[in-house]
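Consider the two complexes below, in which subunit A is the common component and subunit B and subunit C are the respective partners.
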Partner chain A sequence: MSIIQLQDVYFTYNRASDSEVRAVNGVTLSINEGEFVAIVGHNGSGKSTLAKLMNGLITPDKGKVTVAGLDTANEKNLFDIRRNVGVVFQNPDNQMVATIIEDDVAFGPENIGMPSDQIRERVYESLKSVGMYDYREGTPHRLSGGQKQRVAIAGVLALRPRVMVLDESTSMLDPRGRADVMKVVNDLNKKEKMAVVMITHFMEEAVTADRIIVMNEGRIYMQGGKEIFKRQAELESIGLTVPLASRVANRLREKGVVIDEDVTTYEELVNKICPLE
Partner chain B sequence: MREITLGQYYPVRSVIHSLDPRAKLVLMIAYIVMIFFVDTFVGYGLVLLFLLLVIFLSKVPLGKVLKSLKMILFLVIFTVVMSVLFYNGNENDLLWGWGIIRIYSQGLINAGKMALRLIFLVLGPTILTFTTTPVQLTDALESLLKPLSYIKVPVHSLAMVMSIALRLIPTLVEETDKIQNAQKARCADFETGNIFKRAKAMLPVLIPLFVSSFRRADELADAMDSRCYRGAKGRTRMKKMHFRLRDAVSLLIFALFFFVILWLRYNFFPAFFDLSLLTWLV
Partner chain C sequence: MPVRIENLNFEYNPKTPFAKRALFDVTLDINDGDFFGVIGHTGSGKSTLISHLNALTRVQSGTLFVNGMDLSPKKIDFKKLRSTVGMVFQYPEYQLFAETVEEDVAFGPKNIGLSADEISQRVREAITMVGLDYQSIRSRSPFDLSGGQMRRVALAGIIAMRPDILVLDEPTAGLDPRGKQEILTLIKKIKQTCSIVIMISHNMDEVSACCNRIAVFSEGKVHGVYEPRELFAQKELLEKLNIDMPGVTNIASMLADRGFNVDRSIISEDELVDAIVGECQRRGLCAK
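What follows is the complex of A and B.
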């Protein structure tokens, strides 16, 4: 069952002016219930534009975007669409509304008019699932980037969306913060069956996804499972770096070593190479 | 990094902290009005006792409260000096005179009262901000001004703007620091030269700050929209403000106190208690 559907979507910034930018150029894709989709592409390939199209922050010039059957072009649907599709953005500092962590997480549920005791329940639950419960009465200002981003995720979770879109939400974090956030997101996908759309330009972050969509110049350039990492030359031609383990495996294949499974991580590589001889 | 505190909230649990912020805001305004009715030292003594009691109950160290008076120290001294120098009194009231400088005892008394009035005026809001967070204050303001929304004043939006501004201040201060350091690394000089030179040196800091603030505002608006924000419509709050018995009691106690102050001033019901007995003290 698909939740988000994009049908031949086009989007242009600053339309009918000198600085016209075609950001999305005829994209058709759907995100299914419980799925983990990674969208990769280098700078300016239209990933953020896709994210904004998915919850109706912008509406397509041509084509149609629907969320749970609701058209994003109809303003009356936006409220329900945004309850279904939560978006976590890149810069955690620009997503916080309140000066106290629990107040910030409460912002979403407050907007949908929940009774106060229920809001508190949800806020605590969301903070627990991102491991930030103990910080609830503190100020976000003192947290590390990874912690701030987990609070931002909790803020989206508190609305219990069916899809969570993360637009390069780990790109400003250190490796530790990135790992923490990735773990939280993977858990939500596996345990809560929440669909995840992970937008990134790190191929490494895409390896755990069920499906990888590669964007280039506003179009879907390639899509599929891990097997796409074998198409190293094509990916590199549009400015993407294939994970190191896949590169090694690809090189070995060129040299005639038989590695038939897809190798994307260091462990997989070790497990593949060591039994050979 | 610079430590940035928003306002000066002192986070402890106390009766004063737990009062409804709306009650505290109303009390603070009433207190300021009351100060203008005090005109005797007895009155100021009573207000001082009252404030000491409140500070004690709030568990905020007295030293911290007094420290916040530092910023008006100059103003107080200036006011006292001016009003002593320019007081035109009766010649047989003259304490000391030299050339055109003449100091009258009534002038000294007036100056003292004026200084006390200033100090007490500042102490009210000070205690309020020590015991109430900025968010509580904006919430209280929104709630108290709600009637105005019936005449189409955008009370909710104004309160939201205020609370977002409060939220963004530390971020912007941090960013200013960052940009300033980046400029310093390129040999920009912010510390020397006259005020115009320094202001000019700030320009390359302010422009990027301005640009990035707009970008920030844009992103924040997207984030708020994404979290189903649609203004006051249908919005509830997690932390509801509750007007409880303790708030009613506080208001009542304050009303009584205000009454005593007015009584001191206007001496109504003189038959009941002759206040002139008290005024000889001064």
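What follows is the complex of A and C.
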């Protein structure tokens, strides 16, 4: 069953001015319950605009966006829409609103008028699921970028949304911070069945998704499972790369090495070349 | 010997309850011609070290010489130092401020009192060097540009100072794959006009592809200085320091662990592909 639906959506920034930029150009798309969708594309391809459309931060110029059947263009729906769709943004430093970590996570639940004992329960639960419970009484500004992003995710979780949208949320993190955040996101999807929309330009993050949507010039250029990484030349022509293992596999195939299946991870590649006895 | 660091120590908030030691007896020589990589985890002291190089952080103990200038004394020639060392911080586009690209790039040269002719020549040169079209971009607001373009304008502002030593902190962070590639190509081009480039990076693919020497930091100390192949072939050391291998080295190492005959010190994709094809042919695993 789908939670988010975009029907032939158009969006232009700074409409009717000199700096008009058409960002989304006729996109039809639905995100299903429990699904892990990756959206990839180079800068300016419209992928972050999709994130903003998905929780009503912006509304389409043309077409329609619905969340759990509610139209984002109707302001009365926004409260319910944002309880269903939580967004984690790119810059960890811009998302902290309180001086104590547990207060920061409590911000969302407080805003929707949740009773205070329930808030406490939700905040603790959320901090535990991102592995930041032990830090709850500390201050966010002493955390690393990866830890801050996990706190931001906890803030989203505290509202128990059905979909979590991550808008390049790992792009400012070091490899360790990125791996920690990805693990939390994968667990939430697999164990809690939360739908995830992961907007990224790290192809290695996209390979774990159920479905990969490639954006170019505001349109869906290609979508599918990891078999899309066989189309290396096409992806490179729109400024993207394919995961290293896929690239090496593609080059080996060209040179006559027999590698038949889709390969996207190092383990898969190594298993194809040198199977365990 | 342009950058010579001996027994450099540094502590943040000394003599307060928040005192935190960031550097412990750091000794490093960075030579003319080096493309010098600095790697290590967040909090390992990399940024503290490089902020010493143009005296944003002052020497507390130990010695530091940059192109023969002693940076230990309280009074130093800042003007000379900052035209020698160009510092590109993380997300340098956040530091753009002027109304036009041209003014932004001209800010540094103006500050060191160059003549108007000299300034305009340097600005034109720097903007062209970073791959932007001077005529069409000079009067535009830097804030209307794309992320990759903004970063290039910020770099142009540093290049216009004609630094002899260029220091870059995570120059490709946050860019998309094409943007990353463009910035790396640009940095290699700039390298030809400077004596030394020093680059902090968390991306081992980039470090192994660009740098001839790499200093590994861990908990405020220099663990060692290595050539890329020498460093990345040492699986146990990397695991101990929790440093990733470049992707291609990782694949080579996994294959070697299974007894497949490839060199563990492979650091480029071409080498990896050739080595695998070679071994597959020997084993008769190829179609052709």
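Quick note on the criterion: the second predicted complex is superposed on the first by the 274 of 277 C-alpha atoms of A that agree within 3 Å, B and C clash if a C-alpha of one lies under 4 Å from a C-alpha of the other, contacts with A are read in each partner's own complex, and residues count from 1 in each chain.
Here, a residue touches a chain if its C-beta (ideal position, glycine included) is under 8 Å from a C-beta of that chain, and two chains touch if they have at least 3 such contacts.
Just so you know, these numbers come straight off a predicted model, no measurement behind them.
Shared-chain residue A:S17: touches no atom of subunit B or subunit C.
Once chain A of one complex is fitted onto chain A of the other, the partner contacts of A:I100 are limited to subunit B, with no touch recorded for subunit C. By the document's definition of touching, of the two partners only subunit C reaches A:G256; subunit B does not.
Contacts of A:G177 after superposition: subunit C is touched, whereas subunit B is not reached. Judged by the document's definition of touching, no subunit A residue lies at the interface with subunit B and also at the interface with subunit C. Listed in rising order, the residues of subunit A touching subunit C in the complex are 19, 42-44, 90, 144-145, 168, 171-172, 174-177, 201, 203, 239-241, 244-245, 247-248, 251-252, 255-258, 266-267, 269-270, 273-274, 276.
Contact residues on subunit C toward subunit A in their complex (touch as defined above): 41-43, 144, 146-148, 173-179, 202, 242, 244, 247-248, 250-251, 254-255, 258-260, 269, 272-273, 276-277, 280, 285-288. Residue ranges on subunit A touching subunit B, taken from their complex, read 52, 55, 57, 79, 82-83, 86-87, 89, 91, 93-100, 102-103, 106-116, 119-120, 123, 141, 155-156, 159.
Those residues of subunit B that touch subunit A in the shared complex are 4, 6, 133-135, 163-164, 166-167, 170-171, 216, 219-220, 222-230, 234-240.
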